[in-house]
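Below are structures written as structure tokens.
Same chain, two partners: subunit A is paired with subunit B first, then with subunit C.
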Partner chain A sequence: MNYIDVLRESEDMVTPGMSACQGCGGELVLRTVLKVAGKNSIIGIPPGCMAGAGVVGWNYSNGLHIPVHIPLLDNTASFLTGLSQMYQRKGRPDVNIIALAGDGATADCGFQSLSAAAERNEKMLYVCYDNEGYMNTGYQRSSTTTKGSRTSTTPIGSVINGKQQQQKYLPLIISMHSVEYCATASPSHMADFVAKIQKGLEASKKGFAYLHVFSPCPTGWAYAPEKAISIARRAVQSNLFPLWEMDNQGYHLNFENKTPISMEEFVKGIGKFKSLTEDDIASIQNVVDQRYRLIQRICD
Partner chain B sequence: MGKIKVLTGNYTATEAAALCRPDLVAAYPITPQSSVVEGLAGKVHNGELDANLVQVESEHSAMSVVQGAAAGGGRVFTATSAQGLALMYEPYFRMSTLRMPMVMALATREMTSPETVWSGQQDAISVRDAGWIQVFCDNNQEIMDMVIQGYKLAEHPDVLIPVNVCYDGFYSSHLTEGVDVPDQKEVDEFLPAPSFAHCVLDPKKPFALDPLTPGPLLMKYRKSHLDAMEKALDIIEEIDKEFGDKFGRYYGGAISEYRTEDAEVVLITIAGMTGTGMDAVDIAREKGIKAGLIKLRFIRPFPAKRIAQVLEGKKAFAVVDRSVCFGWSQGPMHMEVKAAIADVNEKYAHFSAIGGLGGADISLQNMLDTIEQLEAQKEEHGEKTTKWFMNE
Partner chain C sequence: MAERLHITPIGDDGMYILDTASWRVFRPVMDKEKCIECGMCMAYCPVSAIKGTEDKKYYITYDFCKGCGICAAECPKKAINMVPEGGQE
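Let's turn to the complex of A and B:
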């Protein structure tokens, strides 16, 4: 079925009243994942934007149409391990066990339990919506924040100019855990994203499936909400966020980028990058180019 | 009828946990608990135990995995010690406050620093306000029986609180004793499959487990947790009787007593030091001292009323702690026993004794000295200086 039909014919699992910001990437990721997954699912959403937006039932008047739990910031993958194993044990392996976590809960303090669950190949689909920081609490830096970003813990100061370190590239690290399926996705490439959710859910019946999704954040990154999708598209077009997947056949590049746009062009109009120096841009460009060459080499 | 097996404290916990038919076991090895996990892994790998075994990367994940399995309605088990308990504190607190029943064995160990791996109770004592039920055992048979009783208590619909079965690291965890291992059939009769549903996630009945809770509602939850703790004091006694009637072993419920009936001076002990204390009581009795002993078994909930009742009419008591209460220059159980007698119309001579930290010995002479000091000071009401068992 065409992805547009899939989304049109699926029930929205989010109840009215969720309070994400306008143009939120995370909300789109959540709704899309759950439309594809459907009712026979249980989801763990740790503290972060989606929890803060109320979908874990925070304000007692909205939430999801499926069972939801807010695990600790650092134990989503281990909590869901126990739940998943109980559903296998009860003879109900058809139930989708899903995590939807931000980059902080995934790449920072949740990394240890995530890595262990991936190594054990636990049966679940873990989706990270990566908005490059702790946006729900006012944009503190995370390990996936792009170098030079202005965050509330890496401010633009007279001595130190934004985040000083390059981002951790998590999806490749997870793919090295011998997992069942691992992919990157972007809300700007919906056909690709929906197909990867479908593959991820199928793979989660056999083992660990991981989706790392680019999730632009108008509030934290300081740009107009209506530009969210175009920024996501430019992230892919610039090779900052290459689209690839890994399955039991190997690594595959999903978007061949023959004429990438430059980092200089990508950062235009995004407030958090407004104080980048030429050196900063060159250094980000260098990391982006190296990463893309690596991805190209490992993909068939 | 059970079978007598020669077991260490840790393997006793393994055998007991297996008899309770856990759905899932997740644990991470740590000295002195490791052989509990190894024993369970062996049973699963040899096909003797039908449980899901999750080899986690930390104690934080051990408690998180069993929490997830309890959210799937499962009966779960784990075990740890000291630094492991400290690392799992975050999901540990949440386990009790989500009111998820389970049993965790705790081979108690001193907390670092100074760097140590030896015995002590500072680990368990430091988390006594984390909402769990805590019971301390002083021999391997008691470990066996309290793991089994622990599930009965934790899963009781009026309780729904996880239970720590604590025993001294090395002194009990590595000590070999003869243990009466009950028949599976008898344990099955005593302990039916779990049926709790309040925290179970299921697409057939969608709900949000643990949303952000407003203060006034949170206070209701806390009060209900405290009420259940209070109620557990009665249920502990009921289960002790039911277990005793079936298996022939009674423990006295939340506390047990030794030669207290006509005693004037009372030694109060916890866990493995109790045997030494009882020997000291016997020797003191031969010397004409009217000595007795109370063994603290459950410290959460704290059996304040029963302790006050036993102490009624006595003249003096000392509480021996294998941990400290920072900021009070005494042991934590002494603090709590004092609280238990705060409102009774009695005057006592009493003091705290601290010993056995970091694996140090608590000798028979230490216990005898304590009793003799109580005898000498029994008419001098009030609290005396804390006694430290400084053995070279």
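Let's turn to the complex of A and C:
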């Protein structure tokens, strides 16, 4: 079935009006994941934009048509481990156990529980929407923030010029836990994204599946909301966010990038990068090129 | 709010629904003469405000559309225009 048909014919599991910003990448990721997963699912959403936007519900109300839990920022994977184990024991392995966490709850605070659950190969699908920072509380830096980004904890001024460190590349780290399935996806490449959700859900019945999704944030990154998809596309085209997947056959590159665009072109029009120096761009380009060469070599 | 039955919300009970249509400054308007019914706008809409019928036709619903303009920017045929809200019909 074509991905357009899948999205058109599946029911929306999310409340029609949630308080995510205009053009929010996270909202698109949430709705797409739950459209594909369907009604027979349970989701855990730790504190972050998607929890804050009313999806977990406030004042005894609910934001989803399926059961939703709000674990702590650092225990999403261990919380869902218990849930998953309970469903296996009750004889209902058909239920999709899903986590939808931001990069803060995945790469920083929640990393210990995530790493432990991945190593135990617990049966769940862990989706990380990576908007490169703690957007819900006003864009503090996280470990996946790109170097040179203007955030509220790494401002642009006379002492420092944005974030000083390079970003941590989490998906490769998780894939090294010998999980059942691990992939990166971008909302701009929707066919690939939908196929990866389906594969991830299938793999989550056998073991741990991890999906790292690029999620541009108009409010934090300071760009016009309608550019969200084109920025996600440029991130893939510039090799900042290469699309690959890992299953039990090995690593596969999903988007062979013959003519990558430069980092200079990627940062164009994104407000958080507006005072990057040429040295900063060169150092990001260097890391991006190295990473892409590494991924090319491990993919068959 | 009157009946506080659950501590953890479950299922379809008591949906939290915000009037996000009131945020809209520009409304997307589809030009059906240019539209080729590819469904890209439906796939990219973060709010799921663009729906498809059974015979693969697409239309915009304005009940919750936030007016972000992603559909207009991503339409391969440029068949969606952003029109100022409250102006001329």
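The rule we apply is simple: the second predicted complex is superposed on the first by the 296 of 300 C-alpha atoms of A that agree within 3 Å, B and C clash if a C-alpha of one lies under 4 Å from a C-alpha of the other, contacts with A are read in each partner's own complex, and residues count from 1 in each chain.
Assume a residue touches a chain if its C-beta (ideal position, glycine included) is under 8 Å from a C-beta of that chain, and two chains touch if they have at least 3 such contacts.
It should be emphasised that the depicted structure is a prediction, and the values quoted were computed from it without experimental measurement.
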* **First, second, both or neither for A:Ser61, with subunit B first and subunit C second** => second
* Is A:Ser19 touching the first partner subunit B, the second partner subunit C, both, or neither of them? -> second
* To do: Once the structures are superposed on A, label A:Leu72 by its partner contacts, choosing first (subunit B), second (subunit C), both or neither.
  => first
* Asked: Can A:Leu7 be said to touch subunit B (first), subunit C (second), both, or neither?
  -> second
* Once the shared chain is lined up, is A:Leu170 touching subunit B (first), subunit C (second), both, or neither of them? -> neither
* To do: Mind working out whether A:Leu34 is in touch with subunit B, subunit C, both or neither, as first, second, both or neither?
  => neither
* When the two structures are overlaid on chain A, which partner does A:Ser230 contact: first (subunit B), second (subunit C), both, or neither? -> second
* To do: Identify the partner contact of A:Met190: answer first if only subunit B is touched, second if only subunit C is, both if each is, neither if none is.
  => second
* Asked: Shared contact residues on subunit A for subunit B and subunit C?
  -> 56-60, 63, 65-69
* Asked: Hey, which residues of subunit A end up touching subunit C in the complex?
  -> 3-4, 7-9, 12, 14-20, 22-25, 27-28, 31, 35, 54, 56-63, 65-69, 187, 190, 218, 224-230
* For the subunit B and subunit A complex, residues of the former touching the latter -> 23-24, 26, 52, 54-58, 60-61, 64-74, 76, 90-91, 94, 201-203, 205-212, 214
* subunit A-facing residues of subunit C, complex -> 1, 4-21, 23, 38-40, 42-48, 51-52, 56, 63-64, 66-70, 72-74
* Residue ranges of subunit A touching subunit B (in the complex, touch as defined) -> 39-42, 56-60, 63-72, 74-75, 78-90, 95, 112-113, 115-116, 119-120
